[in-house]
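What follows is a pair of complexes built around chain A, which joins chain B in one and chain C in the other.
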Partner chain A sequence: MDVNYQIPRLALLWVLAALLLVILPGMLRLPPLILLLVLGCMGWRLLIFSGRASYPGKLVKALIVFTALPLTVLQFRSQGVGLDAAVCLLILGVVFKLLEMQYKRDIVIVIVLAYVLTMIGFIYSQTIPSGLHALLAVAVITGALVSLNRDNARNNFRDNSRLAAQLVLQSIPLTLALFILVPRIAPLWTMPLPVPSNKTGVTDEMTPGDISSLGRSAELAFRVSFDGEAPSHDRLYWRGLVLDFFDGRTWRRGGSALLDYGMIRRYPSEYRGVRQGEPVDYDVIMEPTQQTWVYGMQLAEVTTGEIVQDRNYSLHTATPITQRLRYQLRSWSAFQTDLELPRALRSRALQMPDEDNNTRSALLARELRAASTDDRDYVARVLSHYREQPFFYTLNPPLLGEASIDEFLFQTREGFCEHYAGSFVYLMRAVGIPARVVVGYHGGEYNPFEDYTMVYQYNAHAWAEVCFEGEGWVRFDPTGAVAPERISQGVEAVFANQPGFMEDSGFSMMRFRDTQWLNTLRLRLDAIDYAWNRWVVSYDQDLQLEFLEDVFGDKARSSLLWALGLSTALIFSIAAFFLLRGGQRQLRDPVTRSYLALAADLAAMGLPRRRGEGPLDYCVRVSAERPELAAAMQTVTRLYVQLCYGEQGVGSEELRQEFRMTLQTLRLRVLSRARRAGLVAVSAFSRLQ
Partner chain B sequence: MEQRIQAAVSEIGTVLLGKERQVRLALCCLISGGHLLIEDLPGMGKTTLAHALARVFGLDFNRIQFTSDLLPADILGVSIFDQQSGRFNFHQGPIFRQMILADEINRTTPKTQSALLEAMEEGQVSVEGETRRLPSPFFVIATQNPVSLAGTFPLPESQLDRFLMRIGIGYPDPHAERQLLETAGERDRGELVRQQLNVNDLIEMRKAAATVSLSPQLLDYIQRLLARTRDSDDFHFGLSPRGGVAVVRATRTWALMEGRQHAIPEDVQAVLPAVVEHRLRSGSDGEGRRGTALAQRLLSEVDVF
Partner chain C sequence: MSLVNAVSFWFSTRVQRWLARNVPAVSIATLHRRNIFILPTSHGLLYVAATTLIFITAINYVLSLAFGLAFLMVSLFILCILHTFRNLQHLTVKGIGGDAVFAGEDASFTVLLQRQPERMHEALELKFPKGLITRADLIEGEQLRVNVYLPTRRRGVLKAPRLLVQTRFPLGLWRAWSMLDLSMRCLVYPTPVSCPLPTAVSNSGVGKGSSTQPGSDDFHGLRNYQLGDSLKQVAWKNLARGQGLKVKQFVDSSDDRFMLDWAMFAGLDAEARLSRLCYWVLKLARSDVDYGLNIPGVVISPGRGDVHRHRLLSALALWQQSQYVERLNPRPSKTGDAV
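Up next, the complex of A and B:
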């Protein structure tokens, strides 16, 4: 490294710009104090750059570092040692390096770290804008690298940016090829991501008012694409959780953990349900929910490894969903489950609140049951009760008091789906019919541009399942009795003009769905985002294999991957070989090689040959330092010089032989001495450098 | 031959005390048939060296003191009208000698410098449309003062290139200086040098030097050195092919002077500073002030095998 090296001024500006660009999206995650420190350091560097400040002294640097460390710990104390804190430390490290960036080595470190920071950005966000941002950041960082390595004459902004853009553009095809072909290896560990606390979505509790509040949100819940024809709207019941414990006000997941979390594979096959009819295959990309359950149509067969099914046929993941999750399911529309309901499940499906104030409802139930011929007739009577009485389906139901079922059924009669589902199940249980509440989503908006269905938070829904002897669980949707268009056309059609619908979404484009071109634009944008997620973000090992098989046929699968892996390894090792060998490629001459080996041995004794030292000079030096080796060294050197530099023809075979012999003896002597000094490995290595 | 060279070296050594290395380099330069540039402060023994070199070969010798008003005709010669014969007779200038000491060459104008340099390169001079051959061998030993450059015309790179070697003499070591002080007062010590070699020896040596063998490894080494001057940022520009040829010529002669029929890297290293330093310019030195450590740095950065 040239000690007189000065960082080109332009390169410095490039680096500062690149760093600012890289840190920009992460700035909001930094605590204000740290952000202040970061910006302060960058400002200081600018002052140094313009000559208005000098480099910080050792004391100042130490002070900054030792205040920043506890500061970081303090700021992130509440969140624990996690990704955020680590990223914060890394950013601090980079900006501190800015302050002592004087030599080329320093600036190279900063540039490499800027690349790393760009990659870290992907942990937080994997959207198209963040991808574009990363591309821009990489281009600017490359520009800094270009500017750093250009001589002054050509170092101007335009040339540098052009070259950087060229480099980045040239690397894109390679990146794509690597992205598509390089074998995907599952990460060795997963990053604990900070959990955003206020995530909207379906929870594992249902109190009246919960789901209607979701109607205010136009956030995306998940997107589904069907293989083949999509089922009609009224069949799109995205089953989430089964809630079977009622405390008089709130529905919860009840019963034993064993039943809920004990996965269905442990149960005998008859419990898995009887599947009939045509299956439908579909592919779901779910937005992060921070919960462990996922949505699918009943009755689903799990084809993805990460999803498991519990005894209630709900689908779960092993860990909370903190990133977009993609999974495939196969569902049968005609199915029968639990033809014989086990006693434990039956008692759970008949559970009633301990303190039950809903006396009028229980009375109504018994009256209706007495008038019915059987359970099915009773269900029909209850549904027609909803239909015939003045019930209203509304997003803004009035609040309910202690006896919530009674109040709803006899006083307010205005409710959202959770009111209907909850009261319906209560009425079933009141007369001893096993029933339970199911929460999830219903419906979805079809996007013709990429042929998939978008399900939003306002599609959240609750319905009921009733178990008949010999028939198993049957889905009933009491909401459909009150507002049939909710089921056939969707919640949007019902509530489009009702106050509160999508209220929390601000000026979301959803609000302008009546304007044709805006709606088209919205669908298009979502289609692009969907395609990005489907083909880029969730491009994993399975998808890769699928793709390769599509392109190269069935055989491709393993053989291609092997070939790819091997050829990559081969290419890299060849490149590495030549890079590492570097300038020593002409060194094929065995005489020279063995002489250099001798020099390496002597180096181990503390007598390294200096760079550019002629063999005779070296011999003289070695002889002076080690008189005991002088005679042998002189012979070897004489022979070496004669062989290497002597007149042509003198290098006879005998001479070579003699050279080899003397060299061997000398090396043995040298080695034994060097070994005694215990320095062999170290200096042999240093010589290789 | 080696002994005779050694005798010549020690003979010169009697007047230029303690400067064996410089003497050998100067001899090497002359045997290689190149011109020599001696650059040092006044009073360091430049003239003495030049004188001694001329005498040790028995060459006829002339000294030209270059001044700012010296004209090309002053060194080349003029035609003078002879009234008796009614013809112009050419009167040879001081350059028509086997060895010229061009003192303070940078004091004269570029016009005069180039007249001398043409003579150095071509071995002939053109006066009044007529080409006249110079005696053979023809050597120029030029001196210049590296300091007090006011009013001088520094030689441009293209002309420096004509000199095979540039050497400095340097202060004598204390022992040699003491000896010098003790015998002070004997003017023009160069006159004391006895002839050791003659022109035929010189020609013979030159032929012998041409037969010194250069192994592929050695040529590789020289090429690596040349490539380094061209690739590295340390150098403002690389060595020209003429520079490379000069290195080879001097290397051969040096090997011969060492009594070998083959050249080794040490030979290259011995002559390289003298041969290349005036042809190089440091990369950080846009002004043309030559860093003398450049050749040493070059040697220490290129591998020898």
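Up next, the complex of A and C:
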């Protein structure tokens, strides 16, 4: 097969454009030196194309490869052999191939690798823009293939792009059917994940100032859609981690890993909590955090497989969340947990710093406890202490020193939720009431366009849980005592005009939430993004079954393959019908058509043309059988042969005219003879027209 | 190896028989569902490998959009079947025939490609087995004449093998092809081999007078230098090669009738004689002389002109190939076998 001939010139430009388009989104991830090399190679290829440079010799090629490889290894040494390094090597391989690409085979390899590079973009981002970018990239790569395979006047930009776009658009129905119906299977083996970027969101440590700094960010944390009506704003406590170890300044996760990470399922049922009332089901799509925990409302039951619940009822994933994650939960708003607190947990919930400088706070706690009748009364007194003393709720609290609790409670009295939650738990523990800090998010913004709630980083919140004998853990939010509108209306209502709020988000659309139409636009855009994530990016086995159950009812699982086969066949047949239709009826040229009509007339007269009999032989036979037709038949045959096979006859109009005339007369004679013989069908007459 | 040969022979006969039954010999063929075959190319397989790679990555990284990309590529691949098929479908191929050639040259068969008004056929490749590829695009005109070449080795009537019409358009992932027997034939003359004309027997021709009188028109051969010969006629090149002093002999045969005879090249085998006779037919045809041919079984009286030359050459080509003698027409397929 002669497939190794030279590349059409235009095809090369298409391939370069496709490659550039494919590499574009990943360019920023490449180290600058490598990027320079990549662009250099592409530029060199362009110079070769325009005839201003020659192909690199063996020595130069070896030199490039042997400098680029160590360079890559050096650049990525700190990160280990990760995906980034592999991608970088792949890109380098493709651009090196460009330099030695002379034959069709080489260019096809480059084109095929361009498809693979398009896919690699999805490992990093699966947003709508990256989806559209990939679609465009596929169209351009297809255009490159088209350009490679046509070498005529139509190999120009317009015709190539039109055909490529046509091909891609025609493929979309089948793509959709396959996307919806091809069974999704679980990963075959674990893959190295991209090197995590910065961790975002609530962390597993809480030092005063940590959460208020999140208030500066208007980035999305997660989106929730409820089955049925959403709970009221003051109940939207998105519980993350439990922080029960205090070192005098920072709250951390304490206790043994075994206790924390042991799945709640393994514990006896009395620890799992008593659920009451109606549960609420909801569906969460979380933005990547690079952390291993997720958020839900207490008390949650996990309905998706990849999430486990630990002894503190926090929810965890097995691996850091590097992609958007979708999970479903069921929560009971009325519940009781840990009616009998195990000793280990109790001691952790009473832990105090080894070197405690907060003497005034401890004294205050003891005074308040002495004045209270019981633990619940004490909690109420502490909350009213916050309410009655001049405490301020602010996003920009003053810095605190060593004895952070004392300084906050008696000097600065300005704080964000972590100050209130931390000091509250301290006051509980100081008098022997088990208590702990919980971090997570509170509230969210409702989006009416797709019926879901958006939770942003500035919704980050910290609150407290107190364990009462016989009641279990009860949530208290000391922030609510200071700023009740924070709980009822949300942080946006409180801080809208405070400096620093959403400050890190730069020129964000969030800043224009007061302008009606811009705000509507923002909500609409987010709704589209949400729908995309919920129905496309998170489309998996469960969603597939859910969708099929809507269509097929109970037999969804068994009808999946049927539906797949049938819809593929149907789409293919429709495409085939539209692409391949058009008959062979008018295919034969008029000359042949009229000659065949004559043969049909003769057949009606009893002289059918035999299979494989040429016009000349037929003419001889007809002339012999019907001498009276011989002369006309010979003229017709001569003209016919000349018109069909002759050198100059093919296009000659006079010959055609003559042929038509003779044939017409001959047929009339044949027909009249046949009619006399009573052999002709009526239709034969009409065929003459 | 003999087993392999036997199997491949068995297979190829089967294929030929199948083709003969399903794609019978015709002089004009329209490509359609029953005579177009389609299979992926090596590039197509590479594409499938890339698609598989993307699919596996999509599974392992749980990338919904990568699934989408893989499915888009699968759809493109499947759709490409239709487009490649469409590029051949409804194309009409008419075998017009081939001009006579000399053995060893490439025989050129003319094929007429016709299209339907609404269809275009791009990047078509036509070739005979072992022949060169002829590329054609049927985009603008309703029809296009193309020549497809086939190397020849032996004189006689060359029956064109099945013509391969194929295309990889638009993406090169599939190859659609058809093997058409257009019953084209062409006449292959013997290979001309130059040689001096042995004067000894050249006089055995019929007609008046001897064929060669020394003259100045046509180069005839070399003879040893004799005193008195013109220096202009000395073959200096031969002298330089150390072959002695020779004189170029020219014949002046303006009003002569010349008979080429089988016996002129005695001592050579039949094919070699035919080749030499062929050379001299061509040579004499260019000169201003009547010439005839006398080979066993065929005697053609002297004459001149293109038709005459063709008669002689045909006689040489078809000598002792009796089954073809009645087909002296240079373009046998012109008569057309069937429509």
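Note that the second predicted complex is superposed on the first by the 548 of 689 C-alpha atoms of A that agree within 3 Å, B and C clash if a C-alpha of one lies under 4 Å from a C-alpha of the other, contacts with A are read in each partner's own complex, and residues count from 1 in each chain.
In the analysis below, a residue touches a chain if its C-beta (ideal position, glycine included) is under 8 Å from a C-beta of that chain, and two chains touch if they have at least 3 such contacts.
Note that the structure is a prediction, hence the values are computed from the model and not measured.
Trainee: Identify the partner contact of A:L579: answer first if only chain B is touched, second if only chain C is, both if each is, neither if none is.
Mentor: second
Trainee: In the superposed arrangement, does A:L521 touch chain B (first), chain C (second), both or neither?
Mentor: The answer is neither, since A:L521 touches no partner chain.
Trainee: Using the superposition on chain A described above, determine whether A:L570 touches chain B (first), chain C (second), both, or neither.
Mentor: In the superposition, A:L570 contacts neither chain B nor chain C.
Trainee: With the two complexes superposed on chain A, say which partner A:V641 touches: chain B (first), chain C (second), both, or neither.
Mentor: both
Trainee: Just checking: does A:A334 make contact with chain B only, chain C only, both, or neither of them? Give me first, second, both or neither.
Mentor: Touch status of A:A334: no partner.
Trainee: When both complexes are superposed, which of chain B and chain C contacts more residues belonging to chain A?
Mentor: So, of the two partners, C touches more residues of chain A.
Trainee: Can you list the residues of chain A that touch chain B in one structure and chain C in the other?
Mentor: Correct list for chain A: 2, 151, 586-587, 589, 592, 595-596, 611-616, 641, 644-646.
Trainee: Show me the residue ranges of chain A that touch chain B in the complex, using the header's touch definition.
Mentor: 2, 4, 151, 583, 586-587, 589, 592, 595-596, 610-617, 641-642, 644-648
Trainee: Quick one: which bits of chain C touch chain A in the complex? Just the residue numbers, please.
Mentor: 24, 27-28, 30, 32, 41-43, 46-47, 49-51, 53-54, 56-76, 78-80, 82-83, 85-86, 89-90, 92, 94, 96-97, 112, 114, 116, 118-119, 122-123, 133, 135, 137, 139, 143, 168-173, 333-339
Trainee: Using the touch definition from the top, list the residues of chain A that touch chain C in their complex.
Mentor: Interface residues on the chain A side: 1-3, 105, 108-109, 112-113, 115-116, 118-119, 122-123, 126, 130-131, 134-135, 138, 142, 145-146, 148-154, 163, 167-168, 170-175, 178-179, 182, 184-191, 323, 536-540, 572, 575-576, 579-580, 582, 584, 586-587, 589, 592, 595-596, 611-616, 641, 644-646, 650.
Trainee: Would you tell me which residues of chain B are touching chain A in their complex?
Mentor: 213, 215, 217-218, 220, 233, 261-266, 269, 284, 299-305
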